[in-house]
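Next come two complexes built around chain A: one with chain B, the other with chain C.
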Partner chain A sequence: MPERVVAEVSLYYYLVVGITLGLYSLLSLSLNIITGYAGQPTLGHAAFFGIGAYTSALLTTRAGLNFWLALPLSFLTAALVGWVVGLASLRVKEDFLAITTMGINFVVVSFFLYSPYFGGALGLGNIPAPALFGFNFDKTAYFGLVAVVTITVVLFSRFLEKTWMGLAFRALRDDEEAALANGIKVQAFKLWAFVLGTGLAGLAGSLYAHHITFISAGDFGFPLSITVLAMAVFGGLGTVEGALAGALILGLAPEVFRFLADYRMLVYGGLLVVMMLFKPSGLLGRTELKINLFRRLPARRRG
Partner chain B sequence: MKRFLVLALMVALLLTAVGCGGGDKSIKIGFLAPITGPAAADGESAKRAAELAVKEINAAGGIDGRELKLLVNDDRLDSKEAVNIANKLIGEKVVAVISGSYSGTTRAVAPVLQQAKIPMITAYAVHPDITKAGKYMFRQSFLGTVQGRAGAEVAVKLLGAKKISILAIDNDFGKTLGSAFKERAEALGATIVSNDIFPAGEKEFNPILTKIKGLEPDLIYMVAYASEGAQIVMQAKSLGIKAQILGTEGIDSTKQFLGVAKEAAEGVIITTNLNRDDERPVAKNFFANFKKAYGVDPDMVAASTYDAVYVLANALKQAKSTDPDKIRDAIAATKNFEAVTGTIQGYTAGGEVLKTVQVQKVQGGSFHYFNKIADPTVLTPPQ
Partner chain C sequence: MLLELRGVKKHFGGLKAVDGVDAGLAEGEILGLVGPNGAGKTTLFNTICGVYRPTAGEIYFAGRKISGLPPSTVAGLGIGRTFQISRVFKQMTVLENVLVPQGLLFYNQPWRSLWHRPGLAEAEKARRLLQRVGLAEKVGLTAAQLSLAEQRRLEIARALALKPKLLMLDEPCAGLSQEEIRAFVALVKELRQERLTMVLIEHNMAVAAELCDRIVVLSYGKKIAEGRPEEIQRDPAVIQAYLGEEEVERPVRASIR
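Showing the complex of A and B:
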């Protein structure tokens, strides 16, 4: 009798991929607040994801705090650093802001890598999974948690769009000078965008740390910042649907294209190029990425 | 609303595509390696070696007539992706996993597989915490500490170095080897005159090397991967540094190190687990078959991965079962197994391999036998 082995992909795989997609969605949504709503290009988003992850990991493994306290504290720590970075970045715009935030990403990564307190090159391990009233979160429950947080952030983003702050962000994005002339405190709202966006990235970082249970500086490098920016731009900046669509499609693509083996990342890159060629505002986007570096070049040549 | 529907359709399409696969009565072994991305050269080498081993084992009748099936997955050196792969492999009912990946990804995968009680043999990742994840975890190459200590034995005892400069890459590999080397070398009476680290991907070493030149060390202990290592030996040569360079398995690569550094690599000594002049049939066959299949000479990564597959295949035969617990026990019970990277005396209770450290020297453009370190006090990993 031939033995029949049914090849099935376990539920856990779907759940873990689901968690990864949730984390990407959170990153993309948080970046959307800074870059999409307020129009401030940033290339250092992974740094804040890392700050959240490290905060949560240190608080739970070294200080013995539980996850439910570490989670909001990760938000606050990342938001605080985001505020400081925002303050320092108020004087720079567009290309220069992008380069500054990119620099911040490198600084934060080296900080984690070279300080022994942060585990240095060996990283931080044995980060506990969350527990609630004696119930240890397995991946099913964790997926639920990530889903709830993601939905909350989606609703928050929608709410933000309708508030005075959301309107101010839009004014700031579309024309900073005009907004200023109309009496909008441009500087204050830029800071708010940074604080909210980086704080939410920190929250995602905490969720990442307790999911993967081991973190090291390399996980939060510049390539991740670019991946997240690509998601937000691919889906379309300035909309919740765009941020979600970008995270889901580009987050899922590497798993789906696994059967392509060596050509997997080629297809992924091709997808990005085609999208930017034919629809620069992204799948569902309202605005284009405001980095003028490339747009200025032909203008100069003409002049 | 319409664009929302299109979107939902796209996502649904992608999701269904994830779940494709087929089934037969072969024994499935999971495999992950960074086949694309920053570590693609090592990932490709590991993949080739694993595929070669599986092909050979199947050609020789498989495991009691059952074929081995290698499920190859690319982790792109990304922990998130590696954890996805681990869960995918669990779902595909693999009996064991071979990691041909680096420390970060392997360490992220270890607790997942440990929890699922699936044995894993990691081919060449050095992070100490991988095997600490639990009793289902084994390592096929030396723990960073063991190789660092062996390096110190070579430097001080074999080469008589008294003043030593350390130049190490700033990741777990450089860190564990560098600190173990320093500790042992100082205990053996040598002085460490400088201890520098450099970031992965660095190309300009003249400033550090100029400083080292001024310190006039007898020996430079270089913990680097092939691309940085090649730059270091070339720039050291052009600066006229006379100190002996002692490297590690990180530069044990024919193409990326010897091929790039060429005559500048001449005389460099390394600690590794692969002896190019090994006359045992198992090693000679591997060198010949690998070259025949892929047209290039195998490196340390390939040999370690190849051995990992054979250790697992041997355990499967001994266990006469695909029950993960029996496979685990059979791997742990491995005794005096003839592998390409030497005779595997066995595994410690912590899952660390016990085998001789090889010392190779670059002569005439290739690695050759120079010496070996078999002292058990050096080879036994710290607990």
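Showing the complex of A and C:
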């Protein structure tokens, strides 16, 4: 191959890896709002990523809408579904919430898979890359877009931490009964965490759809939910640095350790359990995952 | 009357934890709630705070019916409380713990709480309250790092940050040393001088007698005595409830009933 082609291929590769890491960071940051700040474990985050992706894909391919309109609309759609789902499922907590949200993930995936309108098993293709004032986004520009959105979400998370809402999230995470005695409407705030987190996952989904240009139900399954949770827990729940570190390290690992790529799920799942046992607050976190199933393990070991 | 209970009952299935209690509390008064274990003190306390909805009866606070309202609303109306088993926000700093209740205005409108944040005024107020309860030096620690006695004081500071009209303390002295109890008594006396109305669950009769203007004694969910501390300590029904009957002459089987 001529040298120039090699250079371009490798630049393209780095851009795709960069975009993927950005998307993982967005997912990890959005999960951090629900599971980190507000302490509500969810195993169905990929479902909302999918809802955002499908919304954006359908709006641009079927309704002929502009990407720049589809992007915020996929945030709103995922947030709306998150609100409805949260209303029903946030009555339970900890392990039960984890199981419920996992079920929601399966329901959403089958919904995409079996309804012809969503492309069924064939998925949806020909999703256009965004354009602005006649300029078509190539991968370099798209990487820039993903980076800008990720930085915005980082800044938003930092802002959220300092607000009364952020304080209320952390209070109800530490102790629901005490939060109630301090005037915090616990159910309402849990729902807000869920709506913000699922909405941002939907936003990431839209960015994914227009990056990959072809989506199918399998992209948004339970394994992705576990991957994102593993990232957030590994990096450390409850901090922006933790969410980013987890996404970058675990997102980059399969690129560096190519031979491990096939065993990725095994590694992520194992890592999740190992972290819960030995360093529950992750690398840079300030809180632990509230799933008792995992917490009971070390107790049994000691006993 | 700041607080008024009318025939309050709380039953859990067949268990009549609180079974028809009438009581009133005037502004500036300190009411002691005493009784043997399982008498229904904490259940009554939690029913006032909105944790439980009473099975029957009504509770009025500052002229407004509060029975049936959720605990967050009751807190917003001006009832601050502490817990028997420490419930500080463990992963937050001592200062942040006392910031939390100051967001009350925003917790009623969550969308506004997203655009407002605690500022210097709130932090200053939190520092003042922490100084009051003797935790000025611990401001930056995580709440989990405090001792039990310090966590109790933190809970009081946190409850005071709600600007309560009524402060409810659930066994604030349980598990404390004599010295810590003396310090606590001094703190409550200070609060009394500011005419803060209080309800105090207390096992320790000596502490209750020293602090309370009036004492209500519960046994098996019913009020068996009410009056000034001196009267209560002489009341035969109270002595019987606490110590069992004196000079048991009847057959053992009859005394069980």
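Simple rule for what comes next: the second predicted complex is superposed on the first by the 265 of 303 C-alpha atoms of A that agree within 3 Å, B and C clash if a C-alpha of one lies under 4 Å from a C-alpha of the other, contacts with A are read in each partner's own complex, and residues count from 1 in each chain.
Keep in mind that, in the parts below, a contact is a pair of C-beta atoms (placed from the backbone, for glycine too) under 8 Å apart; a residue touches a chain by one contact, two chains touch by 3 or more.
Everything quoted here is computed from the prediction, not taken from an experiment.
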{"item": "Partner chain in contact with A:A63 - chain B first, chain C second, else both or neither", "value": "neither"}
{"item": "Partner chain(s) touched by A:K162 [first = chain B, second = chain C, both, neither]", "value": "second"}
{"item": "Touching partner for A:L113 - first (chain B), second (chain C), both, neither", "value": "first"}
{"item": "Touched partner set for A:L87, first chain B, second chain C, both or neither", "value": "neither"}
{"item": "Partner chain in contact with A:D174 - chain B first, chain C second, else both or neither", "value": "second"}
{"item": "In the superposition, chain B vs chain C on chain A residues touched", "value": "B"}
{"item": "Touching partner for A:L132 - first (chain B), second (chain C), both, neither", "value": "neither"}
{"item": "Chain A contact footprint on chain B (complex, rising order)", "value": "3-4, 7, 10-11, 14-15, 17-25, 35-37, 72-74, 76, 79-81, 83-84, 87-88, 90-93, 104, 107-108, 111, 127, 129, 170-172, 174-176"}
{"item": "Chain A residues within the chain B interface of the complex", "value": "2-17, 20, 23, 113-114, 120-123, 125, 139, 208, 211-216, 218-219, 241, 245, 248-249, 252-256, 258-259, 261-262, 264-265, 283-284"}
{"item": "Of chain A, residues touching chain C in the complex", "value": "160, 162-165, 167-168, 170-171, 173-175, 177-186, 188-189, 192, 238, 286-287"}
{"item": "Chain A contact footprint on chain C (complex, rising order)", "value": "49, 51, 70-72, 75-76, 80-81, 83, 87-92, 96, 99-101, 103-104, 106-108, 110, 113-118, 158-159, 162"}
